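Read through the structures below before going on.
Both of the next two complexes hold chain A, though its partner changes from chain B to chain C.
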Partner chain A sequence: MTKYLARRLAFAVFLVIAVSSASLVLARLAPGDFVTASQGGQMSREAMERARAQYGLNKSLGAQYVDWIVAAAHLDFGQSLLYDRPVRDLIPERAANTAILALTAIVLATLVGLPLGVISGSRRGGAVVGAIRSASLVLLSMPPLLTSLFLVFLAARSGWLPVAGMRSAQLPAGGALLDLIRHLVVPAAAIGLPLAAMLERVQAQAMREVVDQPFVLATLARGVPRARVVWRDALKPALRPVASVYGLIIGTLLSGSFAVEVITAWPGLGNLMLNALRARDVYLVAGCAGAGAMFLAIGTLVSDLALGLVDPRGRA
Partner chain B sequence: MNARLKGSRYSRLGFALVAIAFVAAVAAPGLAPHAIDDQFPGLLNAPPTLPHVQDDAGSWHAPFIYRWQLVNQLEQQYEADRSARVPLAWFSGGRLLGSTDDRRAPLLLLGADSFGRDVFSRLLFGARISLSLAAVAAIGAMLIGAGIGGIAGYAGGMTDDVLMRATDFVMVLPAMYVVLALRAVLPPVLAPAVVFSLLAGIFAVVGAPFIARGVRAIVRTERGLDYAAAAQALGASDARLLVRHLLPAAGGFIAVEMTLLVPAFIVAEATLSYVGLGFPDPVASWGTMLHDAANIRFADFPWLLSPAAAMFVVVLGLNLALERRASGIESLR
Partner chain C sequence: MTRLTRKLALCFVCAAAVAALTAGCGSKPASEGGATSAPSIPVTRGGELLASIRTDPQTFNRYTQRDSSTLLVATLTQAPLVRLNRVTQEIEPWLAEKWSVSDHGQTFTLTLRRDVVFSDGHPFTADDVLFSFAAAYDDRTGGPLTDALKVAGKKLEVKATDPHTVVIRFPVPFAPGLRILDNLPILPRHTLEAAFNAGTFAKAWSTSTPPADLAGLGPFVLAEYTSGQRLVFTRNPRYFRRAPDGGPLPYLDRVTLDIIPDASAELLRLESGQLDSLTSEISSEAYAPIKRAADAGTVKLLDLGVSYNADALWFNLKPGALGNDPRAAWLQRDELRRAISMAVDRKVYADTVFLGAGVPVYGPETPANTEWFWNGPVTPYDPAGAKLFLTELGLEDRNHDGILEDKSGRPARFTVLTQKGRPNLERGAKVISDELKKVGLQVDVVTLDAGAIYAAVISAHYDAVFFNTDKTDSDPAINPDYWLSSGSAHFWNLEQKTPATEWERQLDALMAKQSASADHAERKRLYDEMQKIFAQHLPMLYFAAPRIYVAHSTRMTNLTPSVWRPQLLWSPDTIAVTSTARKN
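Then we have the complex of A and B:
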């Protein structure tokens, strides 16, 4: 187990280094640099050269990369040119915002998707099952890009909820937490609803397989109430396939949250990466890509470990 | 089993939706009333012109529209000029339906965008780009995935290890960030053909591992079966055995995976174009149309979101079609 964990962690570290190095090199290879992107044609040639020297952009690609990787080994990921702050301070701040959004979305998806999946998977047709199944089919066909556009449209039309950002400029009545929650509704629902549909699907399929097994019939025959059989005895084994889906979700979560962050102006990692790319802020691009890779690596590791807890058969 | 393979009404509905989108994309030049860059400067963000067949007096006519008149420049509000009917003409000027007074009263079935361009026409032409990009990328992913998966599963050993490690690596990459970084290497504005091949290539590489892993597993199993040994005993070469005998066994799996990849690619193009890293402006794709919509308060102009609705219809159609595929395979088990 320790050996397995060590191997996985080593791979995660390798992945983060590879992704951030590749992004740095790619962002550096792109035509133009931070100076041309931010100043346009406004500066004189000498002033541009001075600015390049100040940011370390006048060095060769190899020299710049070596400087960066040596500093990164000491946990100094360079200075963001765009925000004029260390990348090390900037990333955790934005990554935390993305994590808040992603976790809320997962919790929402779980609370909505799993119970509905249990209901639709344990019954043989009927109006309720039909309604749940069509709702999940519709939501499954609406990736976060579409749900967020739709929800932003609804929120803007009705004026019920804020459609952009994470906090109000002026703290409204009810305190900071309520304000954050109000801002969270649209982006978290945009990511969470398609996920809920996916979980409903998997949970329903798993339930359908479990309720056909003889032990369910035997439990019912012993006189255990139906609700208790469904929600306790059948649910437990049906949770295993669902647990494995969470590992897959984490990948889609990061891609999905990118679109949602941009559309709802959520100040997360995705928005930061986009701004960094547009401004050719090479160190920040590398930092964001590395943070994205780390997010994914940690997520898959946690979900694999959780799966091992639920289902001992898969333990390596 | 036969009844289930035929599928439910829903799956047929799904195929119909996808077929409609496909026909609309192919026939766009004949169906669209306007070109993608036809601008109507007096009709910025104008609402849809609904075809009428009955005028206010209650008498019936061949289909006609009313002309929009700008009543509030600032809020861009329009009112129909109900005093004059503008008849619609069928099959005029090489298109299915159009207004008889294109300059003053164009037919805008889904309104106009903020440049005064016909949203319906752009939606049809956009379908060509969005759908063909997704299809080409899915075919690319299939070729790469089937190639890698087939070779890995057939050869086994060291080759298998190396190839599968590589696909694992691509699969754990943060896909959207990688696509962004790769796209950003090149200048922001590129020729549409270059953007098309670039995005198709990136999408194909990112999507291929999902196909490769499944194909490898299937080829590995099939390789041990009697018919493979028989073909080999009859003198089939490795390449022939793989391509003619083993890969066809993975056909169903590949078809299902491609149906899953196409919606993902449609959305990926839309996301990239939405943030301004996709196709350049005059080109109509569903993503660039949403990009234009995002620049203004689209809550006041809901027709600008029609590309999102179109995307939903296509993805829903593919999901419904897959329903049949999936249940067909399930019942075969």
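Then we have the complex of A and C:
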């Protein structure tokens, strides 16, 4: 187990370095730079050259990369050109917000998707199963971007929930936690509901296969109530395929959350990365991409460990 | 007094003041800078205004960046020596209570207000003005103000004769005079001098600076900044301006700017009463839902008139930039641009791009700029005439496939770069492409980010660009870089050492004259002449300008909306809100 963890950790480090390096190089290779993006049309060429030298953008790509990677080895990921703050300071505060949103979404998806999958997979038809399947298909066919636009529209029209942001300008009655939860509903639902639909489909399929197994039929034949058989005996083996898709879900979760963050003004990594890309802030782009890769590595590791818990055959 | 009559009265006062100024020896009395004109309805003091911005400010140091969020923070927290009134387009006394002009309009002696202190309690003096100029002109600052505060490429000479008198000498006669200083917020020497002396002024007041370390002369002070979420400003109790009733300004206790990157979410928040104001105009697509909300009484929708700015199409006119490209024979010729101007139906353009809320435009000034607009002959929509010009260039449909070819049979085809993610530009480029296809020109539209477009323009590696080149002032002398062949905004052929064409040489000479003339009528005549030369050669093609609409909550009162950005928040000290509660 220790070897396995060490191997996965080494892979995570490699993934973060590779992704952030590639992001820095690609952002730098694209035409234009931070100075042309922020000061184009307002400064003489001479003044732009001075600004470029000030930001270290006049160096060759190789020299810039070497400087960056050496500093990164000392956990200095450069200074954001856009915010004039160390990338090391900017990323954690935004990553924490993204983590709050992503965790809430995945909990929501799990709490909604798995039980509905068990219900629709353990029954042979009927109105309830039909309704669950239809809702799943609708949600699966809608990307998080559209779901978030719809939910934002719904929140605005109904006035029940805040439309955007993470916290109210002035703390409302009920305290900070309740305020955060109210703001979380729209973005977490926008990300979580399509994932819940995906989990429901996978769980239903797995459950259908398990309920036809001889041990389930035998238990039912002994007179054990159906609900007890389904929720106690059939659920655990039916969780194996679901646990294996959590790695995939975490990847979707991250890319989906980036779009949702922009629509719902959630101050996470997605917003930060979008601003960094627009402004051609190469160091911040690399930092955001690296943080995204780290999320992915941690997520897949957790997913693999969860899979190992429900299916010990997977541990290697 | 109605809003209209109030504006007219203000215009009259300002016009009279400018007339005295241009006489060369006027002395500006203390007036508008110290107290505002009386509002037409009783104003409620206190309350919070909640507005939105799209991105975080890049810095709290206005001298180093010019993004809209940074500018808005400066508008709220800092103050200039004189202010450009965005409605009347005239300058008003601000930190300088009066001034006199001498030396044939080249020297201005400014008397500073004596009762002014920074938000941290430190007195404001001429030393702060000298420091601000020194910081703005320092090459290490590296911001847009360094060039913007130069006249004829030279710095202004600034000296203090006593703690409350500053003498500013322009290197050459400059008609707009102190108007150029509207850009320059006066910064506190006592907090920033150490950074300046250490050569780190450009890094000072980054967004990680604790709000308590910032000091300003503006109506508000930054109280809280949460990256990616919001900025909270509270009223500056030491602000120098007074209300007409003698009470303190600003009226508001608090201004909060929520950071909302998405336009749809921003509009929905406004419609649902969770926001008081946007910081810029609403887009053409948003007009219909906002109009419905206005009709339902949930928001107020204002039509501020035609914009001063229009998007422009220009070709790469740098001699030799196309190298051995055989298209150089026609791509850089005046006839091509005339043909394009005739081939595009501006009515169709305005209807398609601005969904009907636009007016045709034929030159760099739109009809909004009544002071400087040249009412010359307009280019008719005439595809047949356009084809004649193209034939003159040797472009004909030789193989009858609907696309023109040059004499060697190569298709008449070029690429237009435009900015991605900007619906007006993308729709505009599509309309131009479709209209030109009708006369046989094939246009490939390529969308890029703004930085990449500027990089292409600076390196002169492009065929044509369709982009926004917004002016920041209605006075042409404030935008010399656009007109002068040596200018950094002379987009079609940047920063020429000597004018590449005779007509650009003429424009340079006329610009120098009109910028220096103290006679407004003479300036107008010279600028008309410049616009006439421009219309003959069409280095940039304009098609339509949008009408500017803004929306705000029904809580906001005492507004003085301007067509310039930020339309509602440019004068934040006089904005008020009613006591009606806003939803959270």
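Observations on the structure shown:
The working rule: the second predicted complex is superposed on the first by the 312 of 316 C-alpha atoms of A that agree within 3 Å, B and C clash if a C-alpha of one lies under 4 Å from a C-alpha of the other, contacts with A are read in each partner's own complex, and residues count from 1 in each chain.
Here is the rule we use: a residue touches a chain if its C-beta (ideal position, glycine included) is under 8 Å from a C-beta of that chain, and two chains touch if they have at least 3 such contacts.
Not measured: the values here are computed from a predicted model.
Considered on the superposed chain A, chain B and chain C are sterically incompatible, since they clash. Contact with chain C, but none with chain B, is seen for A:34 once the two complexes are overlaid on the shared chain.
Of the two partner chains placed by superposition, chain B and chain C are both touched by A:274. In the superposition on chain A, A:51 makes contact with chain C only, while chain B stays out of contact range.
Contact with chain B, but none with chain C, is seen for A:146 once the two complexes are overlaid on the shared chain. In the superposed model, A:263 lies in contact with both chain B and chain C.
By the touch criterion defined above, A:156 reaches both chain B and chain C. By the touch criterion stated above, A:21 is placed in contact with neither chain B nor chain C. Legend: residue contacts after superposition of the two complexes on their common chain; A:244 is shown touching neither chain B nor chain C.
In the superposition on chain A, contact is made by A:89 with chain C only, not with chain B. Overlap of the chain B and chain C interfaces on chain A: residues 30-32, 149, 152-153, 156-157, 262-263, 274, 278. Put simply, chain C touches chain A in their complex at residues 48, 50, 55-56, 58-59, 65-67, 139-140, 142-144, 146-148, 202-203, 206-208, 226-230, 232, 256, 258-262, 264-266, 268-269, 271-274, 448-458, 469, 488-489, 491, 494-495, 583-584. Per the touch definition, chain B reaches chain A in the complex via residues 169, 171-178, 180-182, 184-187, 263-264, 267, 270-271, 274-277, 290, 294, 297-299, 302, 305, 308, 311-312, 315-316, 319-320, 323.
Within the complex formed with chain B, the residues of chain A that make contact are 15, 19, 22-23, 26-27, 29-32, 137-138, 140-143, 145-146, 149-150, 152-153, 156-157, 251, 254-255, 258-259, 262-263, 270, 273-274, 277-278, 285, 288-289, 292-293, 295-297, 300.
For chain A in complex with chain C, the residues that touch the partner chain are 30-34, 36-45, 47-48, 50-51, 54, 82-85, 89-90, 93-94, 97, 149, 152-153, 155-157, 159, 162-170, 172, 262-265, 267-268, 271-272, 274-275, 278-280.
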